[in-house]
Every structure is written in structure tokens, then in C-alpha cells.
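Report on the structure given below.
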């Protein structure tokens, strides 16, 4: 069993998730500029989720690069990750529809935590098959900081939802900005 | 005609089916926790169907692995299987919308039976082209147990729909848990 | 420019078209058997269009097999074909919603004719680049019979729509049943 | 990191964008010819956007052909381009629903400008990695003419929206008609 098809299937699912989210951007009912205003929070939440799926796609590449042979457990760990990512369109739309509400912001964070957990499980499953991944990950400070950001965000949802959104956005920025500088900074700590 | 494109096309269709199902999870209308409650049965039926599509994708890999050259009949047998799997999103949503009704649970089982039949036809079509598949399948006790579970589930739909759901879930679990132990157990019978 | 990406893109678009059609099968509102009855014509039109997209996918393989190098014109001729095929979901749903009406049946036939024309243009574009396709096609009696069936169907739509549906179905059957026998029969004429 | 997966992912997203747009072509409510008339502007805007996505897909091939190794920055520049292209379905439907309104026509142009900017950023990112792209692009008169067309179109939206649509269509035509003649003409200037 080669890893080509697991990559192709994951690429397919991630490509569909990232594109399907745009279906939640309903066509405005009016035809003037004001008709666009209610879309603003939806667009913002769409941008955030687009970036998150991009991050997962990006990291998925690097992860799969270290795989030598695919096992049944790896396929299921991968499907488990895709399951949580497939919930992004729904929670993104819920946050976009209710930008000032607590539960949507909290649920967004919960799905982020679940996806991060699924990612860790996939990593461990791959390491157990004897890949070179363990060395590449190291202390995984970035992953731990992300989890901290998500959990703080879930808590903040019930105080000030915009703080939760800010925290989720900061975690995303941490993954997008050129890796080396941050990694050097983290490594020096 | 190589088998690369039949695999790529099947992967594409399966990736779309598995992701499109999430579109049935309509964004909740309210913004509090209670707004999520009506989604619970939809999420459960989504999880079950996600696992089933995952199982078919997984097994499809192994099946295609034994194919040496693709015939026209094989392509149609494969499309026939994809047709039944493409009905998963509709029946999943129907079950999720009516978790306590008989006919949705029964129709879900009927589609499971049809997909299983399409799978058997695809297997036979491949075996007829002289692949090594016949030996790999053996008595196919797992396939027979699945069919039994589906048929019992269809019957149970008209008595207690939740028993049908439980039976469908048990069959799925049988395919997901590490193969070797079950196969060893089945082989020893 | 290799032909791998034109195949991958076409496979992707065809996989999405074939799967997106199922979104028109709206989840029934009731939960009993009667709730399914209004879906019957939609399911039938879905089956027909599923088979047609399958036929195009199948033939697309054989067509691309004869291509030696991809030109800009070929890419646009291919996109032109995909455009007409992308209208299948809409016309399929229109026929399914109005199984006894004339215009839906006629429009279905018109899209079939347009797709067949786009196919001929793609064939000519490929032949002009010096492929071995011209010999493989021969007199293309099957293609001519298909066009005749579509045109008769469009006419029949305004007399008895079900005759149009029957004609479209017969053309599809002609392409699906094992090629060799029909081709031998046609070759002997 | 090979460029195969960045191509496969982009192909997937572009294939989904081009096909998802057709979902905005709602099935007509009536069953006669008149029921189709309100769809006319939607179909026209769909055709235009279909051609634009086709142009981007086409050019993306040529662009990727010059890439030697993929960097993290390139992947994000590529995702950034895909983000703007993913907004095509929404703005296409808004223009199609309001063919005589100013803001939809202007927003369509703004998304075209944003996608063109994202394209330029992707080009620069690739050139910086030392590809042969710089020579292949030359003065990029076609790209500059496109930007001019878009900006004039945005302005025209507030005077006569149909002039904006015409300008966007002319830019598309410039990219579709056989490259060599136009390029020779531009080169001679």
C-alpha cells in the first residue's frame, strides 16, 4: 500500500472542505453596498478557517513526507483528522452568523482542540511505524502553544467572544509567518 | 488503460461524498447551546456514514491493489458501486432528521445492502479478469456477517429503529477494529 | 505540458458533477414511505445523468489515451466539453421536478446535443495534432446514432415527454452494453 | 517537497470552484420556456466566470512548469490566489441576480483585481526561488492590459454596468484566443 492514495484522498477532502465553506457566504439579497455589510463577519470567519485548513494541508505534506509505509491504523487516524476538519464549514458559518455570541466561539475552539488532538494521534501512529518524524517534531512547542491558545479561547468565549476570535487568529498567524524565525525563537527559550 | 485513473476518479467521488454529507448539518438558527441539541442525531448519523465511506475507501484500496488490467466491465461495476455510495448523504440526512422513524432506518439498511451487493459484483468482475483476489478473499465471512447485520437491521427498523442503528454501527465497528485479530478469530471458526 | 494534469482536472470536474447531482435529491419532509414517492422521478433522472457522466468519463479515458502532446486549443476544447457537462445537474433536477413537462425534456436533449458537439470538437482538435485517434474512430456510427436519438427526443418532448426520456435512455444503454458486440454489429453494416 | 501535491491541490480547488458555481443556477420553478428567462443573466455570468477559472487553471499550469522546488512562501502565495478565486461563485451569483446594478459589477471587478494581484505575488515568489519564469514573462503587457480593463470596469460599473461586463469579457477573450498571434502583436509594439 503506497502513500500516494492517502495523500490524494486527503488533498481531495481538504480541497473540498476549503471550497465548500464559501457556500455559506450566501448571495446578498439587495444589490447595493449595504447588502454586503451583514456578510462581513462571515467573510472574516471564512478567512480564518481558510487559513486553518491551509495550515493543516501544509503540515500534512510535511507529515506524510516522513511516512515510509502506510498501515491500517494510519489510514483511520488520518480519516479521524479529516472528520474534525470536515466540521469547519458548519462551525465557521455558526460563528459568522453570531459573531458576538459565546457558544459559537466556544464550539469553534472545541473543534480546533479536537482537530489538534486528532493531529497528535496521527503523529503518534506514524512515529510508531518507525518514521523519522519523532526527531523532526522535537518538543513541539508550537503545538503546545496552539492548544493553550485554543483552551484560553474557549474560556474567553464566555467573557468576551472577540478575545476568543483574536486568540484563534494569533495561533493561525504563528503557523503562517515564516517558520524559521519563530522556531529559532522557540528553540532559544 | 491503467488503473491509476479509476483509482483517482473513485478517490475523488468518495472524497466528495464524505465531505458533502456535512452540508446536511445545517447551521443552527439560535446562538446558544440549546440550538445545537436538534443537531445531535444528524451528527451521529453523519459519524456513522463517515465511517462507512471510510471503510469502503479503505477496502477499495486493497481491492484495486489486486487488479492487473482494467476492463470496461470493471469500470461500470465500479461506477455502480459509487452510485449506491452517492446515496449516503440523502439517507444519512433522512435518518438524522427522523431518528425514531422506521422507514428512514430501513432505507439506510437497504442502501447498505445495495452497496454491499455492488461491492460483490465488483469483486467478481475483478476475479474474472484473473487477479489474485479470489485467494485473498477466502470465505469472506466478514462480508456475509455484514449482510446479515444489514438485513436484521432492516427488519428491526419496524420494531425498534434504534436496534437497527445499533446493528449498522456494530457492522461498521467490525470493519474498523484492527483486522488481524478478527480475521484470526474468523479463520479459527 | 504533459496530459496528466488535463486528465486529473477533468476527472476532478466529472467526479464533482456526478456527485453534486445527488444534492438535488432533497431529503423527504415526512418520515414514512409515502414521503419517498415524490422523489421517484428525481431518482430516475439522477440515474440517467449518472450513467451519461459515467459514459463521458469512460470515453474521455480512451480519447486522452491517444493524445501525444497537449495544446492550448485542446485545453479549451476540453473545458468547453466540461462546461456543457456541468449543466447536467440543473437540467437533471428540472426534468426530475417536472417529469411530464415538454420543455424540461427538450432542454435535457439540447444539453445532450451540445455536449455531443463539444465532444466532436474535442476529437477534431486532438486529431489535428496528429494522434492515432482518426483511425480508432472510424465512421463513428455510434456517435451519429446518439445525435439522431437526441434530436428525435427533443422533437418527441413536445408530443409525449416520456418518449424523449426513453430515447435518451436507449442511447445511454447503447454506450453501456459491452462495446465489442455492438461495434462488431456496426462494423458489419 | 515536490510540486506534484501543490498542483494536485490547486487542480482540486479549481475543479470544485468551477463546478460549484453551477449550484447557483437554481432549478426553475415553472416548467415552461418562460421559467428559463430569469436564468439568462445567471447563465451569462456563469459562462464568464467559468472562462476566467479556465484561464487561471491554464496559466497555473504554465507557471508551475517553471517551478523547480516548492517553498513555504510559494504554498501560501498559492493559497492566497486560491482564496480570491474561491470568491468567484458568490460574486458571480450576485452579478447574475442583479445584472443592471452597480455594486455587484464593481465587486466582480474588485475580486478580479485581487486575484490578479495574488497572481503577481505568486509569480514574484516563484521568480525569487530562481526559476526561469522571469524570462518567460517579459514585459507582461497582457497582465497590465488586464488590470487596466478591470479598473476601467470598476469605474464603468457606476455609470453603465453593462460596459463593465463587456470590459471583463474582453479581457477574458484576450486570454482565450490563440496566444501566439496576440503575443506577436504585443511583442511588435
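A, B, C and D label the chains in the order they appear, each numbered from 1.
Please note the rule applied: a residue touches a chain if its C-beta (ideal position, glycine included) is under 8 Å from a C-beta of that chain, and two chains touch if they have at least 3 such contacts.
If you're wondering where the values come from, they're calculated on a predicted model, not measured in any experiment.
Enquirer: Would you mind checking which chain's C-alpha centre is most distant from the centre of chain B?
Expert: If we average the C-alpha coordinates per chain, D ends up farthest from chain B.
Enquirer: More than half overlap in residue numbers between the two sides of the chain A-chain B interface, or less? Answer same or different.
Expert: different
Enquirer: Distance from the CA centroid of chain A to that of chain D, rounded to the nearest Å?
Expert: 27
Enquirer: Roughly how far is chain B from chain D, centre to centre by C-alpha average, rounded to an integer in Å?
Expert: Inter-chain centre distance comes to 38 Å.
Enquirer: Would you pick out the residues of chain A that each touch at least 2 other chains?
Expert: Within chain A, the residues that touch at least two other chains are 8, 12, 16, 20, 23.
Enquirer: In the complex of these two chains, what residues of chain C are touching chain D?
Expert: Within the complex, chain C touches chain D at residues 1, 5, 8-9, 12-13, 16-17, 20, 23-24, 72-73, 75-76, 79, 82-83, 86-87, 89-90, 93-94, 97-98, 101, 103-104, 107.
Enquirer: Looking at the complex, which residues from chain B come into contact with chain A?
Expert: Against chain A, the touching part of chain B is residues 7-8, 11-12, 14-16, 18-20, 22-23, 25, 27-28, 31-33, 35-36, 47, 50, 54, 57-58, 61-62, 65, 176, 178-179.
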